[in-house]
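This is the structure, below, for whatever I ask next.
Per-chain numbering from 1; labels A, B, C and D assigned in written order.
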Amino acid sequence: MNWLIILGLIPLAGAFVLSALPAASELLAKRIALVTTLAVAGVAIAMATQFQRDNVDPQFVQSYSWIPTFGINFAVGIDGIALVLILLSSLLAPVVVLAGWNEAAGGRWSVKTFYILILILQTMIIGVFSASDVFLFYVFFEAMLIPVYFLIGGYGTGARAAAAVKFLLYSLFGGLLMLAAIIGLYVLSGEQGGHTFDIAALSNLQMSSTTENLLFLGFFIAFAIKAPVWPFHTWLPDAADSAAPGTSVLLLGVLDKVGTFGMIKYCLVLFPNASKTFTPLIITLAVISIIYGAMLAIGQKDFKRLIAFTSISHFGFITLGIFAMTTQGQSGATLYMFNHGFSTAALFLVAGWMAARRGSSTISDFGGLQRVTPIMAWSFFFAGMSSLALPGLSSFVSEFLVLVGTYTRYPVAAIIAAFGIVLAALYILIPIQRALHGPTTPGNESLSDLNLREKIAIAPVLAVILVLGFYPSPLLNVINPAAQHSISQAGFSDPLPTIETHSTAKVGE
Amino acid sequence: MTSNSLVYLIALPLIGSAVLLLAGRRADRWGHVLATLASGSSFVVGLYQFSQMLARSGEERAVTQKLFSWISVGSFKVDAALMLDQLSICFVLLITGVGTLIHIYSIAYMSHDLDRRRFFAYLNLFIAAMLLLVLGDSYLNLYVGWEGVGLASYLLIGFWNQKPTYATAAKKAFIANRVGDLGLSLAIMISFATLGTVSFSGVKEQAEHASTGALTAIGIMLLVAATGKSAQFPLQAWLGDAMAGPTPVSALIHAATMVTAGVYLIVRSNFIFDAAPTAQLMVAIVGAITLLFGAIIGMAKDDIKKALAASTMSQIGYMILGAGLGPAGYAFAIMHLLTHGFFKAGMFLGAGSVMHGMDDEVNMRRFGGLRKFMPITFATFGIGYLAIIGVPPFAGFYSKDKIIEVAFNAGGVKGWIFGCTALLGAAITAFYMTRLVIMTFAGNKRWDAKAHPHESPALMWIPMVLLAVGSVASGFIFSQGNSLRNWLAPVVEHEHEVEVELLSPAVVSILALLLVALGVGIAVMKYLRTEVLREAPENVSIFTKIARRDLMQDAFNEAVFMRPGQKVTAALVDIDKFVIDGAVRGVARLTQGSGSALRTTQTGYVRSYAMWILLGAIGLVATIWIVTL
Amino acid sequence: MVSFDIPQLSYFLLGPILIVLCGAVLAVVVEAFLSSRTRPKVQLGITLVTLVAALVQLWRIRGATTMDAAMGSVAIDGPAILFQGSILIMALLGVFLIADQQHFTVVASTLPGSSEERESLQSGEQMTEVYPLTLFAVAGMMLFPIATDLITLFVALEVLSLPLYLMAGLSRHRRLLSQEAALKYFLLGAFSSTFFLFGSSFLYGYSGSVSLSGIQAAVSSSSGNSVFLFIGIAFVSVGLLFKVGAVPFHAWVPDVYQGAPTPVTAFMAAATKVAAFGAMLRIFYTAFDNAYWEWRPVITTIAIITMLFGSFVAIAQRDVKRMLAYSSIAHAGFLLSGVIALNKAGLEATIFYLFAYGIVTIGAFAVVTLVRDSQGEVTDINRWAGLGKRSPMVATAFSLFLLAFAGIPLTSGFIGKFSIFSAAYESGNTLLVIVGVLSSAIAAYFYIRVIVLMFFTNPSEDATSVVIPSFLTSATIISAFVITLFLGVFPSPFLNFISSTATFIR
Amino acid sequence: MNPANYLYVSVLLFVIGAIGVVVRRNAIVVFMCIELMLNASNLAFVTFARINGNLDGQVIAFFTMVVAACEVVIGLAIIVTIYRTRRSASVDDANLLKR
């Protein structure tokens, strides 16, 4: 049996078991959800050990005919990039379940339903990263929206329904554009030797540059909305603001990575020439995202919105890295996806705990937490440091790789983007100062510190952030071949150091 | 040469820090001991390495240790590797040595603080990060330590962050440092893009082939980094506020070690600056400006720690100036750095001791006549004072004098300007340091009734004494037979440049001493002969006012960066809400509006429906007709 | 001279239609002779047996391909079987809903609010005329897409329309609306069929033949007066576009969908679309295909306007049935893209879409029949608020139907949309694809709004309740649910079946 | 006589009927206009039968008459019902369903 399929079926099985439970047995539901997600994490790690890291071909490949009329296969197979993202989603899921143990309580429906939705979502996430058939990818890409929609709308706070709708409509809009592009691909493939949705086959299609550009845009806009890249970002703060912290973690930490993942795996691979054409534009958008997201984060008054805007900035970095078209940029971007998942998870979870205790997520409602709840404050601080890419923590490696990779090809973009690291210090330190430092303000005196469950939930996240900061090789070794492969597929090679050209010129003389 | 024990230098304090942070309150009772031991044993390892190094001949003294491959992506390969050479060993010994002393001092100084364990954890973290900074074998490894010390500095400045101003000071320091870090990261990027490597050895090798333009760019970016970390113009504003941290922190981080990292960076990158004269000149200019800048601020400060901080800024200006003067100056920059490490740390500890005895009062106008109550403090502080103003044979004389000398030797207009600036700085230094000593230890008693000045416990004064010994002896030792210069030669001197002598060394020394005497004299006249007021006089010249306000540095930053930044941010928040999201909502509203508008076509009258059908039919015929024409 | 041939009819191949017609006649007889107590059950039984028998007969003739079943007046071919099968299945599901007599008045001729009406209601009797009417309409619908000459087409059009006019007026509640719907439907329907007829006469005048093949031959050889052809195409199109509800011939759709009894709406919305599009496909693919240069631009324009108009106006609706009506207008636009594609893919896609859409429509209206207060059905959207809380199953089913309308993957609607847009793209009509995608995005907005209302909004004061569905209604909803999901996840068998059979005989 | 003239008459009748549907309010009159349009079509069919020289058009005319008769039955039933309810046969009065 195929690893990926097993992996995808476990949460689904868990969801089935859950649906058979009576609604009253909440604790049992939580435990089953936890066990299921832990099992997924275990299997994912086991699968990762089987992964041949120097092999650039898709691995764990399996294909079943699904809708032969349209040449659609249920085909899965992953490269290093997808593996890393599957690991990310599998590792974060148990954390989310454990961290958001009581999150479902304020929901519109039962606790059980919450976990069913989470587990279904997990299956779809695994599916979207595993798919090697464009149609299958699209199906997961779209179907994924439904559980998230209900998670935000049903278990969020505040204007949750509006946020859920905004999220869904934005995503659907992008998805429909992508559908149009997929239809274009399908028809083209039909004209050139039979209908197919196999990525490898589609990447060999001949098309006119106009067609390629249009199809590229269809895909890219969908991904840019999902990621989100400026100016398609306005759904994210609302969604993050309204969703429960655990949902936000899945949304920002994992789900949005589908967008950047798609850029690598679909935009670059299927439309290399169009990617080249649009690179300047996309680089510009990415740089704007970085600076804009950071500036807006500085201007936020609410923790959740702040984190959302920091993510917009970080997604700018990821996009920048992808379209820098260098190995460093690409690898850095992929690693960034993983790291951002963890650091945002940490930020959101702690911010969520803070908000749950205080009954508000407005920054000015907090003050002096470091004296009252030192461990919670420390966790937040740690997560914040990761978010501002402090060297020694994982995000630094990825952010730096992105910048270095970008600089070698687009120095100006890299220099402007680098200002993001100064702004990052501002958007992290200002809320830290307001909420954690200073005298303990009224309303905060009796907040309780993290309990054992919460400590257990956050500790592995922080540990991963720290360990990968010093020792990112396990991931980088997996990512590098895939990144190199996708760069070369897009027809690029790393720029050489300028000095090399000097010295060879000298030799030539 | 490789060595397997370099990692212990860093690992010991790092483990100490981790244990203290993770153990929590359980470690309250023994945490400070563990931290001191960690730092002390790191010092021992350093000494061991030093002895090993002495046993080898000049070219083979450098040792390296590769730990593991850190980042390897395409051609971007960085190992987690350490390198200990003649330059880094100086720092290692300074950091661990002074660091350990300050650990000891802090045991007593912080004994009443409930969070002493945390304080020691941060101190250990700082030691580890600082050691990584000086031991890293590539710019990227250095960068990790570079930001690591920034973090430790942030944590320690904000150690008492329940006071909002202290928290702000910590944040300010971090952000100013980040601006510098931006420079460092850009330097690394340029270096990789142009030279294809970021390791010191690699860059050194490639620098010979590289274009001057690229090297200048790297150099300027490194300078930006140095200005941030070393509080040089124009990123100097944070250092004064950083005095919010506990005094041992000011001694260790904001006087002896961390703030000198910029000097280390520039000296370490000598191969870049030597090949990029423009960048080198800029270094010297920055140093010259800052040494005056700091000195001027120092004259106006009444807060003993802020006055010392301004002095630190000024002294580092000297070092940067020295480093900016090329191969001739590197060794003296480092020498001044080391001697400064002793005397400034000693004076800061002295200031801490004074504060300890005076209920944490820092305003010198509330001191006066303390020498009788704190004899040891006074003595050690006095030695430091003599050292800093450059009285022979104290340490500062040797190092500062050499820098002034080298400055004149730069030749031409450059030489005159730098030389005179340095001389002027020496005079001002003498003035404000004398003022400081007089206001604190001499003159009339101006302290509050509640204050009971007393000498500090032995745990505090022993480190002070040891540092005082260093302040006396280090300069002599380093310059005896050009020992430090020769020691560093393999690292920093490649080819011998022809030195232009504008003024002979003797003339420079005499001039310097005369100016110092002048400065001391004026200060004595002004503060010993006349009564020092308890309140700072308000009717002072505009220059004094400006100097008291740190030469308007904060006002400038606020007016140029902060307030416009806040405005831009606020504007962007509105733009996001009303323009970008507004556009999205506008589309939604437009859609809804057109829906409502189109809806009115459905009048409910069957005749109008029939009309639509009729018109539709006509339209169909007409369109088909038109199409076929 | 004109010779007169004795008609040779293949009763076997015409079986499905004949069975339905026989059933209808039998039902009329029953109506006349059986007591009002026993009638409801008997009528229902007859109707169901008839429909099932017709389906069985249809299965038996599934492979047949001939023009000779009725002297060239009807074509029995793959599409014919598919259309008829779809219509029968939808009719069956529709009859399940019609069997819930709460929706129908007892005596249609009584005055609303009169004492007679009250008496008739209290008598506990049931309206049974609706069954024969349904069967007649079904027979007409089955004939319409297989007819290959103008006479048969016109007759079939009238046979399917006339019963529907009446059925629209049978509602028990809000009878004024229902009667108004009937009146509007009738007047406009009759009006549009005159266009169809008038157009037919010009086609006849152009080609000298009433059969589609004759017209096709004339078009190919471009003999005759082309003005006649244009007028003919235009006016015949008017009649067909009216039936499918394309803009600007759509105006009746919302009013009639809203006013008619919901089970009738369900049946009508689903089955009429199949019949009308079936006929349209046949006419455009077999008679007008060589004149595509003339009609394609205008039909494309109409398709675009229809998609956009339906989607836009649906946003502004406050009534569930009206909203579904406008959504059906938008879907008519999507379906027109398949017709315009004029290739095999377009034919297959349209057939698939028709079936998928019809089933979803019946399911959605079936849910509407369940949401009631003391006054009968509640169609005000705002009063559906909180439905998900009180009746999660019903709300979930409705959500699935809405998602299928919106074309979310894993529902039949998505496969339909995908296939129809790819057919349109294949035919080179990129503009249609883009507009289609955009209007899908707009359409998604109002489908989602309803879901939000059901699940994320707290119920209002005057709460509605969901009646416990009767066995037959639940059967309808469940089958629609299952089919929608199944076609979304495993569409292959059905798609293969369509693609192996869907070729028009000429 | 030129058969085309019959055709013109037929078109004229159709247009008169169509305009009548649009402008007249009384449901019966509207319905009569529709009948007029049907008969216009019949005339066209018969004319074309003459032009084309075959009988199909004439046969259709018969069919149309039958269908029109059926339509009358249904139509009058509906119109009468609504008249009884509203006491008005004006089609403009029936506009509860709109928007």
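One rule holds for everything that comes next: a residue touches a chain if its C-beta (ideal position, glycine included) is under 8 Å from a C-beta of that chain, and two chains touch if they have at least 3 such contacts.
Since the model is a prediction, treat every value here as computed from it, not as a measurement.
Distance from per-chain Cα centroids to the pooled protein Cα centroid is smallest for A.
With centres set at the average Cα position, the gap from subunit C to subunit D is 25 Å. Here the spacing of subunit A and subunit C, counted between their Cα centres, is 45 Å. Once the centre of each chain is set as its mean CA position, subunit B and subunit C turn out to be 79 Å apart. Here the CA centre of subunit B is 96 Å from the CA centre of subunit D.
For subunit C, residues touching at least two other chains, in rising order: 183-184, 187, 191, 254-255, 316, 445. Annotation for subunit D: residues touching 2 or more other chains are 18, 21, 30, 91, 94-99. Annotation, chain-chain contacts: A-B, A-C, B-C, B-D, C-D (touch as defined at the top). Subunit C meets subunit A in the complex at residues 389, 392, 403, 406, 408-410, 414-415, 417-419, 421-422, 425-426, 430, 433-434, 437-438, 440-441, 444-445, 448-449, 452, 455-457, 491-492, 495-496, 499. The part of subunit C that touches subunit B in the complex is made up of residues 183-184, 187-188, 191-192, 195, 226, 230-231, 233-235, 237-238, 241-242, 248-249, 251-252, 254-255, 293-295, 297-298, 301, 309, 312-317, 442, 445.
Across the complex, subunit B is touched by residues 18, 21-25, 30, 91-92, 94-99 of subunit D.
Of all residues in subunit D, those touching subunit C in their complex are 7, 10, 14, 17-18, 21, 27, 30-31, 34, 37-38, 40-41, 44-45, 47-49, 51-57, 59-60, 63-64, 67, 70-71, 74-75, 77-79, 81-82, 84-86, 91, 94-99. Partner subunit C is touched in their complex by these residues of subunit A: 66-70, 108-109, 138-140, 142-143, 145-146, 150, 153-154, 160-161, 164-165, 168-169, 172-173, 176-177, 179-180, 183-184, 186-187, 190.
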